[in-house]
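The following pair of complexes shares a single chain, subunit A, combined with subunit B in the former and subunit C in the latter.
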Partner chain A sequence: MRLELRNIRHVYSPGTPFEVEALRGVSLSVEPGEVLGILGGTGSGKSTLVQHMNLLLEPASGDVLVDGVDAATLKRSELRRRIGLVFQFPEAALFAPTVAEDVAFAPRRLGLNEGEIEDRVRESLVLAGADHLKDRSPFALSGGEQRRVAIAGVLAMGPEMLVLDEPTSGLDPASRQGLLRLIQTLQDTGTSVVLVSHNTDEIAEVADRICILEGGEVRAIGSPAEVFYTHPEFAPATVLTVTALDEIGWDIGQPVRFGETLRALGDLVEG
Partner chain B sequence: MPDPVSISCEGLTYSYPGGTEPALSSVSFEVRTGEYVGVVGPNGGGKSTLLRLLNGLLAADSGTVRIAGHDPATEPFEVRRRVGMLFQNPENGLVAPFVEDDVAFGLENLGVPREEMRVRVREAIRSVGLVGYERREPHTLSGGEKQRVALAGLLALEPEILLLDEPTSMLDAAGRREVLDRTQGLRGGKTILHVTHHLEELLDADRVLVMNGGGLVADVPPGDLVSDPDLLEKNHLALPPLLRLAAGLGLEAARPRTPEDLARAIREKARGRAGTR
Partner chain C sequence: MSAARSFGQFYPVASPLHALDPRAKILATAVLLLGLFFVDSAAGLGLVAAAVVALVAASRVPLVTFLRLLRPVAFIVVLTVLFQILFSREGETLFAWGIVEVHEGGLWLGLFLGLRIVLLVSAAALLTATTAPLALTDGLEDLLSPLKKLRFPAHEVAMMMTIALRFIPTLHEESQKITRAQAARGADFAEGGPLARVRAAIPILIPLTVGAFRRADELAEAMESRGYRGGEGRTRYRELRLRLHDVIALAATVLVLAGAALL
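Entry: the complex of A and B
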């Protein structure tokens, strides 16, 4: 699926003294099968932006296009099935007595038969690394486990694109790694992923392209190397280290991901 | 003269209702007055449960907790006036229309006289670097500013002990630095227990407690923790990216705090190599 946002504006509480223009004409695309990382500080408009991707929020002006079709003309239920949105702290919405029943909720509402529902539930739990939890109560799980179950619930709808808003917030490093691997697995199966985070080191490891939002506008969008090497205030530790070396006269190119940076620095150290 | 021991736990054990495994089992440690102690470990390891037992939100099944000599279960007021807790989500604590009202909220509840309240609110706002923000509306602030307002609200109550429960996990890089600068600035004056998933926040701590599976599995200086790959791995801990890069290059000993530190260490090593050939 290819998603395109054209000149999206969003205003909260229009016509009141609390009026805030949260998005000021944002244009970007999410290409089929890519991982797009969206970075930005608190109040940059990240969460408002992602809620436009499946029209959970309607823009004040601008268009959302799904494979070239105006999303406003599509059925909302269809749109939300195809573009799965995982909110911050999605575990707050867990409600069923067991994990399997919780994950079955959405496919059941799609009107699938019991066999299909069971398949969907099993596949999404496996994908999210939560298969072993299926008979447990969602409320007796750790934060990291709950997060995976909540994501499985969205995967069970069979989305073509997954939008994750701060999915690693509050997770321990092992759970964070697990989530990043899940994103890579999804990409391997052809699912597009939008990853919103303030953790630049994480985004740098998985994103194909980076978008920086600031004050409701796109400040930069492009390859990780282009964006990070021109916007050091958003750059990960790898890029900052390479930049610091460059400043003292050692140019080793523009690696971004941890592995390639370590190799480039290793070559320098080992001569 | 403050009690030399701020926090003391002995054989602390707690199970959540319906839980099959104890969330905390036989945890014992002491924190001396004025210490800055980090707490790390995987999700579900017992960190949050520990904090809730310390401030009396939960009561232990067995074992004892003493906060400056007081038992949270039987002397909740003695404990609560000594302990302030800062949470993950800066939105949660903010209640009032203006920053100064928010900072004053706890004092108003305690019935502190007007004049004293004004002095304490002013001092608390100053100590978190928000002078000039008194009449700002909390919802217009950045995440880091909101968290500093929440911290000021705690400081106005003049607690002896601060419990920080992942206070930076929802903040961006700039907000994280703002909050850490302020909590670091309180060192010595307050006893601080700081729960976090980010080891880089604890490199200057006096000690780090590692919690896993409901038990206290290590109580070590931060330098020992970051240089012990086994201990890190077993407890789902990860080195911050900068230290991971340093380790990958055999430059652990340089203990870089900034990318510039690491760049200098790399240059030294590369030059050394070039010189020996």
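Entry: the complex of A and C
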């Protein structure tokens, strides 16, 4: 699925003294099967932007296009099934007595029969690495486990695109790694992923393209190497290291991911 | 922020009424509310009405905003007036139409009671519109503190009210977040009959309640870790001081009400 946002503007509390223009004309696309990383500081409009992707928030002006079709003309429930949105701290919305029932909420709303619901629940729990928790109460789990269950709850809709808003915040390193692996698994099965974060090292490891949001506007969008090597204030540790080496005369190209950087450094040491 | 604004009825502007000590305002409101029940003449009610109108003007709360505060009781006022007009059989018959008879006494009584309710609610609305919630609970605590001798937990009650007021906007924001998260999972809150809607609210109410308990735990821990242990010997950051104009305002209220009751 290809999602395109055209010139999206959003204003909170319009017509009051508290009026804030959160998005000032944002245009970007999410290509089929890609992982798009969205970076930006607090208040840059990241969370507002992602809620426009399945029209949970309506833009003040601008269009959302799904495979070229104006999303405003699509059925909202269908749109939200195709574009799964995982909010920041999604575990705050867990509610059912058991994990399996909570994950079954979305497929049940889709009107699937019991057999299909069961399959969906099992598949998405396995995908999120939470299969062993299915009979437990979601309120008795650790924060990281709750996060995985909440993500499974969205995966159970079978979305063609998954939007994750700060999915790793507050997680321990092992859970973070698990989440990044999940993103790669989803990409392998053809699901496009939008990953919103202010953790630049994390985004650098999985994103195919990077978008930097600042003050409600797109400051830069492009390949990780293009964006990070021209905007050092958003760059991951790998890029900063390579830039520092470049400044003292050691040119090893423009690697971004940890593995690439390690290889480039290895070549430098050997050569 | 807009959500926080629409809650509570405090209207933050600078006015002589806003500047009064909350204790003076609470007492004056109490005098007004109780005193109104002793006012039984049209002239007396007119005097109180004139005083309330003057106070609303002095509060600098825009009239439209103020009237909006009265809206919740509009139904009760209309009902009261209609009941008195239709079912009271005192005085001359003004007109009769089938079983419906309107008598002069009933008409007067209806208008009198209606105006009394409007004045009661206006007095309460003036208090909450011109007094910040925290100042209100501070004032209440001071006024209730003599009851501590009777082992009434004045400080604790005021603290509970303060906390409740503080968390209304937080819980509102939280409920909106949860609503959107469930909507992203296909929840639909607008369709179906009343029963379906109640059922649709469960995925919001449960996480909201769980979250409220978690917040309460965290708050209790934060208060304890800062050494909070109740009212005994506590000092306050904002000390309330009764000044001359507070006493004058209170005395004026008592005089107006006494006058109105005697008229």
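Quick note on the criterion: the second predicted complex is superposed on the first by the 271 of 271 C-alpha atoms of A that agree within 3 Å, B and C clash if a C-alpha of one lies under 4 Å from a C-alpha of the other, contacts with A are read in each partner's own complex, and residues count from 1 in each chain.
Just so it is clear, a contact is a pair of C-beta atoms (placed from the backbone, for glycine too) under 8 Å apart; a residue touches a chain by one contact, two chains touch by 3 or more.
Quantities reported herein were computed from a predicted structural model and do not represent experimental measurements.
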First, second, both or neither for A:V269, with subunit B first and subunit C second: first
Comparison of subunit B and subunit C by subunit A residues contacted: B
First, second, both or neither for A:M1, with subunit B first and subunit C second: neither
Partner chain in contact with A:A174 - subunit B first, subunit C second, else both or neither: first
Subunit B versus subunit C as contact partner of A:A225, first or second or both or neither: neither
Contacts of A:T238 with subunit B and subunit C, given as first, second, both or neither: first
Which of subunit B and subunit C A:R80 touches, first, second, both or neither: second
Partner chain(s) touched by A:L110 [first = subunit B, second = subunit C, both, neither]: second
First, second, both or neither for A:L65, with subunit B first and subunit C second: neither
Touching residues on subunit B, where the partner in the complex is subunit A: 16, 18-20, 41-45, 88, 142-144, 166, 169-175, 197, 236-238, 240-242, 244-245, 248-251, 259-260, 262-264, 266-267, 269-270, 273-274, 277
Subunit C contact footprint on subunit A (complex, rising order): 12-13, 16, 18, 51, 54, 56, 77, 80-81, 84-87, 90, 92-95, 105-106, 109-110, 139, 153-154, 157
Touching residues on subunit A, where the partner in the complex is subunit B: 40-43, 137, 140-145, 166, 169-177, 198, 200-201, 233, 236-238, 240-241, 243-245, 247-248, 250, 258, 261-262, 265-266, 268-271
Touching residues (chain side subunit C, partner subunit A) in the complex: 1-2, 5, 174, 177-178, 180-188, 202-204, 206-207, 210-211
